[in-house]
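Next come two complexes, and both contain chain A; in the first it sits with chain B, in the second with chain C.
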Partner chain A sequence: MDATLSGTPAGQVLAQKPTGRISDPIFVGLLWASGIFVLILLGLIIAMLFEGGLPALREFGIQFLWSTSWNPVTERFGAGVMVFGTLFSAVIAVIVALPLSFGIAFFLTEIAPGPLRRPIGVAVQLLAAIPSIIYGMWGFFVVVPLIAAYVQPPLIEWLGPLPVIGALFQGPPLGAGMLTAGLILALMIVPFITAMFVEVLESVPPMLKESAYGVGATTYEVYRNVSVPYGRTAMVGAVMLGLGRALGETMAVTFVIGNATRMSASLFAPGATIASTIANEFPEASMGSLKLQSLLQLGFILFVISFIVLALSRVLVRSKLKS
Partner chain B sequence: MASLARRRATDYTVKAISTGFAALSIVLLAWILWTLLSRGLPALGPQVFTRVMGPPGAGGGLLNAIVGSLIQIVIALLVGTPIGLMCGTFLAENGRGTQMANVVRFINDVLLSAPSILIGLFVYQLLVVPLGGFSGWAGSIALAILIIPVVVRTTEDMLNLVPIGLREAAFALGAPQWKVVTLVTWRAARAGIVTGILLALARAAGETAPLLFTSLGNNGWSLDMSRPMASLPIAIYQYAASPFEDWVALAWAGALLITVGVLTLNILSRVVLAKIK
Partner chain C sequence: MKIAHILGAAALVAGSVFSGGVFAADINGAGASFPAPAYQAWGAAYKAKTGTGVNYQSIGSGGGQNQIINRTVDFGASDAPMADDKLTTNNLLQFPTVIGSVVAIVNVDGVEGLTLSGPVIADIYQGKITKWSDAKIAELNKGKKLPDAAIVPVYRSDSSGTSYVFTSYLASSSADWKSNVGAATSVQWPTGAGAKGNEGVAGTVKNTKGAIGYVEYVYAAANKLATTDLVNKAGKVVKPDVSTFTAAAAAADWKGAKNFNASMIDTAGADAWPIVSATFILLPKNPTSGAQSAEVMKFFDWAYGKEGDEIAEKLHYIPLPEAVIQDVRKAWASEVKADGKAVWTN
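Right after this comes the complex of A and B.
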């Protein structure tokens, strides 16, 4: 940059190379390259997981996706039990987290007095910052014994004998199992869902809410009939994000799900998710073994499921927030 | 329409339940922290920081795990931050409004929430298999891949807060683009960008799953990045699931250390972010 242009002959100024003639294309090139890098990264992740798991898919065929056998001795592997466990535990998590998030978001946007709003909001967000393995330890040492002692026995006694829903409450009160995994996952995804709910609710035009208040609606009625319908699309997206997070959570689930590769409809039965199986069985799978290839194939399946859920979530969230 | 008294009653009930839910989340947070303090603090003696991991009953510490974690995180930051920073800048400056930027933003958002264990499997396939073994490098790269999307997101958000007029003023003075970005835009958004890096650091510090298949863990003292390397989360995982009391106690001490570190980083960055916004 030449700050003293005045006084210099015009020719000299023109002869001077404009700064940035060479450096700018390099800089812009670097920026584009880093953008392309992120795209390549995703492509590579998908490609390498698929390629690594391909031998397992060849060996077992497409039945790998739903076959429920997982037998390291006979080397018969299938993803059925883990896919079921992944979806089951994540759905429990969302069912539990949804009312909690609706309530906390309502509290933070409409009820909490001004000075309390931020500290409580931050405290809820800190739940998201706690590492997964800490949830696992807390779940394993604190929550599992409590559930085994105080939650499962009465539920098994009261609800177990009932027709149809009784199937959900079968088995010994082990503590570890689908329900515990779902509850811990719920606690882990509440902050994500709540944060996005709050963001959406705060974007509701005040005019809409004031009109409702003006005709005599209560706070809850405004929340239910004005704010939530206004942000519905983005809120569905927020729930999908929570679901996506729950699907791939590893360490917390590994500690509390019981790690049994058996299919069971009971909430109390130990089970396995794709992520927990990979974490658990990887140490026993030697490089290049069929087991390892099956685990990689499991990883690919998990990636596809999470990608679809997360992509859907993003489309829903952005579509609303943009307008 | 229901009677006024009933509508009021519903309103109060829902408010009470919502307040209860908010209180419940605080109680659960406090419960987790209390568990960590009550079990971790008694085990947090000086030997945790001065001795390497040892066999059960030998009075070992976590020194090698702490050092291993620090090394891997620092290298992950050195690799991941520049890429994330450049990519975030691309989204906010050059790419703004282009189709390419929309795609990159979309993919980045997906990567941000992608299961971290799959990043571990990916790096296993990418580095561990071809190089023939687990290594500190592989662990660092896995953490770097986790860091990038966090930095991209915060960098873009923060650069978008910088007024256009500031850039126009710099351009009007004849500054080339790289100078406008590095000396004006980045500088204006400095605090926010650093916050993003701190948040990424907090995320990387607590991640266990991606290290399982990359740096593996190491019970002895090793600074060799091309060999398996210890890390705090892996040591906690290994010790917490063990049947030995002193190992479990050490796991709680490590858990307390990680959580305090991660929460401090989070609160710090939130304070800074609140000031910016």
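Right after this comes the complex of A and C.
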């Protein structure tokens, strides 16, 4: 560092130097070790999942990726139902979370009076601090019965018979299913998306907004034509990040998704995600069994899906921050 | 997989360290969750009496089998019996400890004391019977007013010994079930929704009108759930209670069974409850430490006795028939050897 700039006399800096001669390399070494450790750990986990799941891929071929059979009795396994369930529930979550996060973020940055800003901000952050299992229990004991009693029966009656979109609203009112899983997931990702939206909205130069207000734009017009376009790419990145979180969520989903390894287009039908299937089946999968290998392969697939989503989100967020 | 082993071993080590009293003589076991309350209660009473601690980790039957195959524990526990060839390959002795049963629970408005049968339950879980007012159900419940409500089948989403016993019963009752679905710790359920654990199934059945589910009797009894009666193989309507479970245990063919794998599913006993099963312990036949292996057998020998029975019964488990216990002791004496010498002498 430039000693003269920080105001420390040059002589003093030289006098201090010997003390760092031994400790500094050690410190730098430790920093290197920490950095490399993460890389090695990640590599080992990927390698373990891939190596462990390889026999399943050899047995079933590439069809494993889309086969909809998951039959532990005949040992015919396929990832189709779980991949579909993982993406379906996560997409529902994002569709529900997106408008909610927009609302909260814009309210916090533009509308909320000073004294209200902090409590709401803290409440949103606290939502993120609730453990997954609590969401699961709350979903199971409170949300599922409510949906089964008040949401599903009218929707099944009104929308079920319609052509095409009716398929989304058919089946018995179980309460547990894709929709419920998506709703719980939405609540879980709202804090993350909101936090990033707030950051993006706060980075909009005040001059731009004030100019817009100056030419007579309304709050909505400023929001619609200035703030959102300015941060669009980063916002898409934030949504992808939320999507990434929703993909891997395990306990809460296991409680409310209904755990059926059957393919169904209905929002109300029970389904399964990759994470929930692993949580359900892992304890009884014996070593060296095709089931355990298939579960590890499922884990690898989830890893790849999450990696792609995360990589996309990073590219999008970063491209904006650079410009 | 290696990492999973290391983590598993670390958890066991941590478990034994933190449970206090780290004597060399403490014995470690892991596996099935169904008998875990009994093993833990036995362990506590046994420690108070002898000073030897028993650390039992309830990690699931599959985990128990894996741990004992790797010899990271002194004994493994499994609900589903291990296949004969797998026992031979891994040099393991298998013996039963207690008997448990599975009961059907229902949520049907205005009907109490419902009677069902194996073929009817198999049809329900295959989606062939969809209404409570179905003629096949009405035939078993003459004089009861059954609602015209949809049946919602609920099953265990996590793979479990309970599902194994229940699907074995359905496979035994229905040829269709046997060929289309089969029996295992988890199966591809043709219809219905899955919930995690006994508590998940019980909770879902309670919250869903027209639901039917199955749980371990131990759980149903402790939570006073509404169970159904069943028609057994002899054609008699039986209630789920200790007397019908004991009748099933007595009716099983223990003498003819290899590795104590006697089926108590759908036995011919006149008063037998049809969904009954034993839970098993897996013990190495070639223990590295004979003394440690002897401690395990001493523990179960005590558990088979009067004090052990009392604890098990209080928790709604059914003790084994005395003749079976005698055979288990004989197997200990003849099969478990360290350095060529028998570890257990009767």
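List of remarks:
Here is the rule we go by: the second predicted complex is superposed on the first by the 304 of 323 C-alpha atoms of A that agree within 3 Å, B and C clash if a C-alpha of one lies under 4 Å from a C-alpha of the other, contacts with A are read in each partner's own complex, and residues count from 1 in each chain.
One rule holds for everything that comes next: contacts are C-beta pairs under 8 Å (C-beta built on N, C-alpha and C of every residue); 3 or more make two chains touch, one makes a residue touch a chain.
Quantities reported herein were computed from a predicted structural model and do not represent experimental measurements.
For chain A, the partner with contacts to more residues, out of chain B and chain C, is B. Legend: residue contacts after superposition of the two complexes on their common chain; A:N225 is shown touching neither chain B nor chain C. In the superposed pair of complexes, A:Q63 makes contact with neither chain B nor chain C.
By the touch criterion defined above, A:A311 lies against chain B but remains apart from chain C after alignment on the C-alpha atoms of chain A. In the superposition on chain A, A:F303 contacts chain B only, with no contact to chain C.
By the touch criterion defined above, A:N71 reaches chain C but does not reach chain B.
Common to the chain B and chain C interfaces on chain A are residues 44-45, 48, 52, 140-141, 255, 279, 287, 296. For chain A in complex with chain C, the residues that touch the partner chain are 44-45, 48, 52, 69-74, 140-141, 144-145, 148, 172, 174-177, 254-255, 258-262, 270, 276, 279-281, 283-287, 292, 296.
If you check the complex, the residues on chain B that touch chain A are 7-8, 10-11, 14-15, 17-22, 24-26, 28-29, 31-32, 35-36, 39, 83, 86-87, 89-91, 93-95, 100-101, 103-104, 106-111, 113-119, 121-122, 125-126, 129, 145, 148-149, 152, 173-179, 181, 202, 205-209, 212-213, 233, 236-237, 240-241, 251-252, 255, 258-259, 262-263, 266-267, 270, 274. On chain C, the positions that touch chain A within their shared complex are 1-3, 59-63, 65-66, 69-70, 150, 152, 157-160, 181-189, 192-196, 200, 203-204, 207-208. Chain A meets chain B in the complex at residues 1-2, 18-21, 23-24, 26-28, 30-39, 41-42, 44-45, 48-49, 51-52, 99-100, 102-104, 106-108, 111-112, 118, 120, 122-127, 129-138, 140-142, 187, 190, 218-221, 223, 241, 244-245, 247-251, 255, 275, 278-279, 282, 287, 295-296, 299, 302-303, 306-307, 310-311, 314.
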